[in-house]
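Alright, structures below, take your time with them.
Okay, so chain A shows up in both of these, paired with chain B first and chain C after.
Here is the complex of A and B:
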C-alpha cells in the first residue's frame, strides 16, 4: 500500500476503555490507525478517530424521493390519465386517497436504498471468508490495527503495551503473509 | 465519557458475564441437538400446520362455500385472523425500532426474538386474504401491472389496496431490519462453528462481516435510519388496516377513532404474544440471565399502559354511541354488549380492560406464572376484539330480514389452528438455528454497565 517498509501492528484489547485510550495516544503521537475491529459498536470510536460522518442519510433521502415520485406518478397516471374509472362518483384525481400508498412507497424505497448502499459501501457479500485481523474479533477481542508507515515499530509497541494491549503482533504488508501473524508477544 | 447513573440500578444482564460468556450462553443451544421439549413442541406445531394445510387445501379445491360466511356476514374468521396476526407483529417493530430511538437498553435482550415474531406473524396474516381470494394463484391481480384487460388498473382509492401495499412494505422493511441486525451475530457463529453445513450457512448469511470500525459506523447509521423509517411505518400499517373498516358506512365501523384504537390494540396484543413466547423461550433455552424478570416486568408495564389505552377506546366508543344520537350506531353497540354475541364482547372486555389492571401490583407483575396467564388472556381477548368488531357489526344488517348469525365451520377453525402451527414451526426453527439474543447489542450494554 504505502512505502517499502510498511507493515501493520495488530494490538488486541480486552475492553473499550483501554482501546479508546490507546487510539487517542497513538494518534497524538502521529501514528496512523489503519482500522479497528470490534465485536460490537464501540461508541466514541468515530470521535476518537475524527472519522467523517456517514453519508448514508443522503441515500435515504434520494431513495425516499424516488419512491414518492414513483408512487404519485403511478397513481395519477393510472387513475387520472390512462383510464379514469368512475368509482362511487369520486373525482378521478382524488389526491387524498393516494396518500397512503405514496407514504408506504416512500418508506419502502428509502429503506431498501439505504440498506443496498450499506451493503455496497461496506463490501458485504463480496467475500464470504474474510481475513480477520484476529480470530476473536467476533467474540470478545477489540483489535487496533496500526499502520507502520515509517517503521517506528518499537515505539508503537511500547505505547500499545502501556495502554493495556493484551496481545501485539506484526503483519508484513505482502499478500502471502497477511493471513498469518509472524510474531506474537504477550 | 458521561458516566450514566446506571450503577444505582440493577443491571439488565444478571451475573456480570464476560463478553465471551455472553457468546457462549447464546450460541451453546445452537450447537447442541434439539432438546426433548423442543422436539415435542415442534411435533405439535407441525401437526397443527398439517391440519391447516389440509383445511386450506380443501377450501381452495372446493370453494369459499366451505366457510360459514353468508350474505350479511361476508367476511368474518379470515379477516379476524388477519388483523389479529398483523397486530401481533407490531410489538416486534415497537421493541426494535421505537425503543431503539428512545435508547431503551432493556430492549437488547428481547429485540431479536420480537422481530422474528413480527416476520412470522406477518406471514401468517398474509395467508388469510390470500385464502379468502378463493383462487390464490391470481393473487398478483392486486398489484398494478400492465395487463390485457385494458389495461384495467387497480383501484388506488380502496383501503384494501392500501393494505396490500402497507403490508408488503411492512414485511419487507421488517425483514431487512431483522436480517441486518443479525449479520454481526451470524459472523460470531461462523467463527465458532466447526466446519460443516452450519458453518457454510453462517458464512453465507454473514456476508463476510469482519467487524471493521468503518462497517460498524455505517451499520449504526443504517440501524438508526431503518428504525426511524419503521416507526411511522408501524403506525401507518395498522391505521390502514383499521381503514378497511372505518371508511365503510357500517354502524360500529364508521368512526374516526379506529386508527389510534387499532394501533394501541396491536401493540397491546403484540406485547402479550412476546411475553408468552419469551417466558417459554427463556426457560427452554436457559436464557434467564439475559431475559430477566426485569425485562418481563418492563413488558408488563407496557401491557398495562396499552391495555388501559385500549380500554379507554372501548369506553369512548360506547359513550359516543350513546351521546352521538345516531340510532343505528346506538343499536350496533347495544347489540354488541347485550345481543347474541354478548359473551364474545364480555370476554374481550374482561381480557383487555380488566385483566391488565392486575399489573398495577408489583407482586403480580414480577410473578412469572401470573404474567404467563395474563399474556395468554391478552391474546385471547385481542382475538375476540377483532371478532366482535367484525361479526357483531355485520350480522344485524339494516333490514331485520337480513339478520343472521355467523358460525365458523371446521375448515375455518382448521385454518386458524394451521396459522398457529405455521407461526410456531417457524419460531421453533428460528430458536434452534439463529441467535435469538442480539449478542452484539447485549455486549455493548454490558460494556457500558461495566464502565460505570
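Here is the complex of A and C:
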C-alpha cells in the first residue's frame, strides 16, 4: 500500500496497556501522535506522550493576584483615602477588616479565570461538527490518532497492529474523502 | 501481585533506627527529665507551662495519627496505604503521650487560677463565673482528664491490634479486619469531636476562666491536624531517605502529602483569622483581653511569628507542584510547620500564666526530651510490623498510585 502524503491513522484499542505500549512504540519510531481519546483518565499517558505541563496554573495565579489587587485597592481607596470611615472607633486603615473581602475576591477571580481559560483553550461551548473517526470512540474504545506527516503509512499500520489495535482506519485531510474503516485482525 | 510481594519483602527487614540514633534519643530523654526536675525546683510556673505545652503538643501529634487513620478508613482512601504504618506509629504514641499530659494535673495550681484556694469565693460573686462552677472544679476536671486520655488510648490500642491482626490474615480475614477498622474509625470520629473539644476547653481555654471563644476547639483541632500531617510527612521523607520506604512511596505519594500540608496550612490560617477577626471586631470586654495581652510588648513578635511559620512560609514554599514532589523542600516545610505548631500552643498557654515569653535552654531541653521519647516509641512501633501493610485491600491501588 503506497501511503498518502498527509493524513491521519486512527487506531482503537480495547485496553490501556495496549494503548500505552502503542504510544511508546510509535513515538520511539519517530511518528507524531496527534491526539489520544480515552473514556477515562489513563495513568501514565501524559508521560508516554511527553505532553507538556499545563499552563493553566499561571492563569489561576494571574486571576488570583488581580482579585487580590482589586479587593485591597478598592477597600483602601474607599475606606481610607477617599472617605475615611469610623467603624467602632477603629483606625480607618484597619487591614484586618479588609481581609475577608480580599480573600474571597482572590479565590473568586482565580477560579473564574481558570474556568474561562479552560473553556476557551479546550474549545468547549464552541460550535463544531463532530467527526467520528472511529465508530466506538464514544463508547469503550481507547483511540490513538497518529499524524502521517511523512507518509510511512504501511510501517505505522504494522506497528499499531503489532501493539494490539482492534481497528485501524485512515483519515484523509478533508472529511469528504474519508475512507471507510478497514477491518484489521487484532 | 508478584510486584507487591517483592516490595513487601524488601521492606520486611528494613531497620528504622540506628544504634547511634537510639543513644542520642536516650540522652535527650535523660537531659529533658533532668531539666524538668531542676526547673520545677527553681522556676516552677515556667516549667509547668512547658510541661502543659509539650504534653498537649505531643499528644496532639499522636492523636493526629489516629484521626488521619480514621478519616482514611471512613473515606475508603487508597493512595495512602503505602505509608499506613506512619500514622499508625503516631497513633500508638497516644498511650505514651497520655501519661506526661496526666502529670499536668499536679501543676494545676500553677496553671489554672480557678483551682487555687480562695478562687471559689471570687467565682461565686461573678454571675458568668458562678455558672461555670459546676464544670470548672477539680474533681470533675480530673475525671474528664482521665476519661478523655483513657478513651483515646483504648481506640488507639484497638485500631493497632486490628491492624496487626490483619497482617497475619488470609483473604477473608483481611476484609473482616478492614471492616472492623472502619467501624472503629466511625466510633472514634464521633467520640473525638466531643472529647477533643472539651479537652481543649479544659486544658487550654480554662487558663483564663473568664475567657471564651466558640471557635477555640476548631482552632486547636486545625493546629493538631496541621502539625500531624507535617509529622507524618517528615517521617515518610526520612524513611524514604533511609531507603526503607523508597521502593513503595514515590513522587505521587509525596505530592499528595504536600497537598494536604498546603491545604491544612491554609485551613489553619483561615480559622486563626476567623477567631482573631471576630474578637477584634466585637471588642467585648470579656473577649478582647486574650488578644490585648498577646499583641502587647514582648508577646507581639511571638504573635506575628506563629502565622508566619504555620501559614506564610509553607504557603509560599509549597505553592508549586515541583516543591511538593521534592522530598527536601517538603521535609523542610514540614519542619517549619512543626516548629510553628509548638509555638502556636505556647502562644495560647504562656501569656495566660507568665508575664513575658521565656523561651530558652530549658524549653529546648524539655521539648527535645519529649521528641526523644517520641522518636524511641515511634521507631519501636515501626520496627514491630512490616513497613508495608501487606494485607490491606487498598495496597495494590496505593502502589500504583499516580497523581
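Just so it is clear, the second predicted complex is superposed on the first by the 164 of 186 C-alpha atoms of A that agree within 3 Å, B and C clash if a C-alpha of one lies under 4 Å from a C-alpha of the other, contacts with A are read in each partner's own complex, and residues count from 1 in each chain.
We adopt the following convention: a contact is a pair of C-beta atoms (placed from the backbone, for glycine too) under 8 Å apart; a residue touches a chain by one contact, two chains touch by 3 or more.
Just so you know, these numbers come straight off a predicted model, no measurement behind them.
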State whether chain B and chain C clash or fit side by side on chain A once the two structures are superposed.
clash
For A:154, select first, second, both or neither according to whether it touches chain B, chain C, the two together, or no partner.
neither
Considering only the touch criterion stated at the top, classify A:44 as touching first (chain B), second (chain C), both, or neither.
both
Report the partner of chain A that touches more of its residues: chain B or chain C.
B
For A:97, select first, second, both or neither according to whether it touches chain B, chain C, the two together, or no partner.
both
Touch test for A:139: chain B only (first), chain C only (second), both, or neither?
first
Once chain A of both complexes is superposed, is A:125 in touch with chain B (first), chain C (second), both, or neither?
first
State whether A:17 touches chain B only (first), chain C only (second), both chains, or neither.
first
Please state which segment of chain B collides with chain C in the superposed model; the candidates are 168-176, 222-230, 312-320 or 384-392.
312-320
Contacts of chain A common to chain B and chain C in the A-superposed view 43-44, 57, 97, 100
Chain A residues touching chain C in their complex are 43-44, 53, 57, 88, 96-97, 99-100
Quick check: in the complex, which residue numbers of chain B touch chain A?
1, 18-20, 23, 144, 150-159, 161-162, 165-166, 168-169, 172-173, 176, 180, 183-184, 187-188, 190-192, 203-204, 206-222, 225-226, 229-230, 232-233, 236, 240, 243, 439-441, 443-444, 447, 450-451
What does chain C use to touch chain A in their complex?
273, 276-277, 280-281, 283, 321, 400, 402
Going by the contact rule at the top, pick out the chain A residues touching chain B in the complex.
15-17, 35-46, 49, 51, 54, 56-57, 60, 74-75, 78-79, 82-83, 85, 87, 90, 94, 97-98, 100-101, 103-105, 107-108, 110-112, 114-115, 118-119, 121-133, 135, 137-140
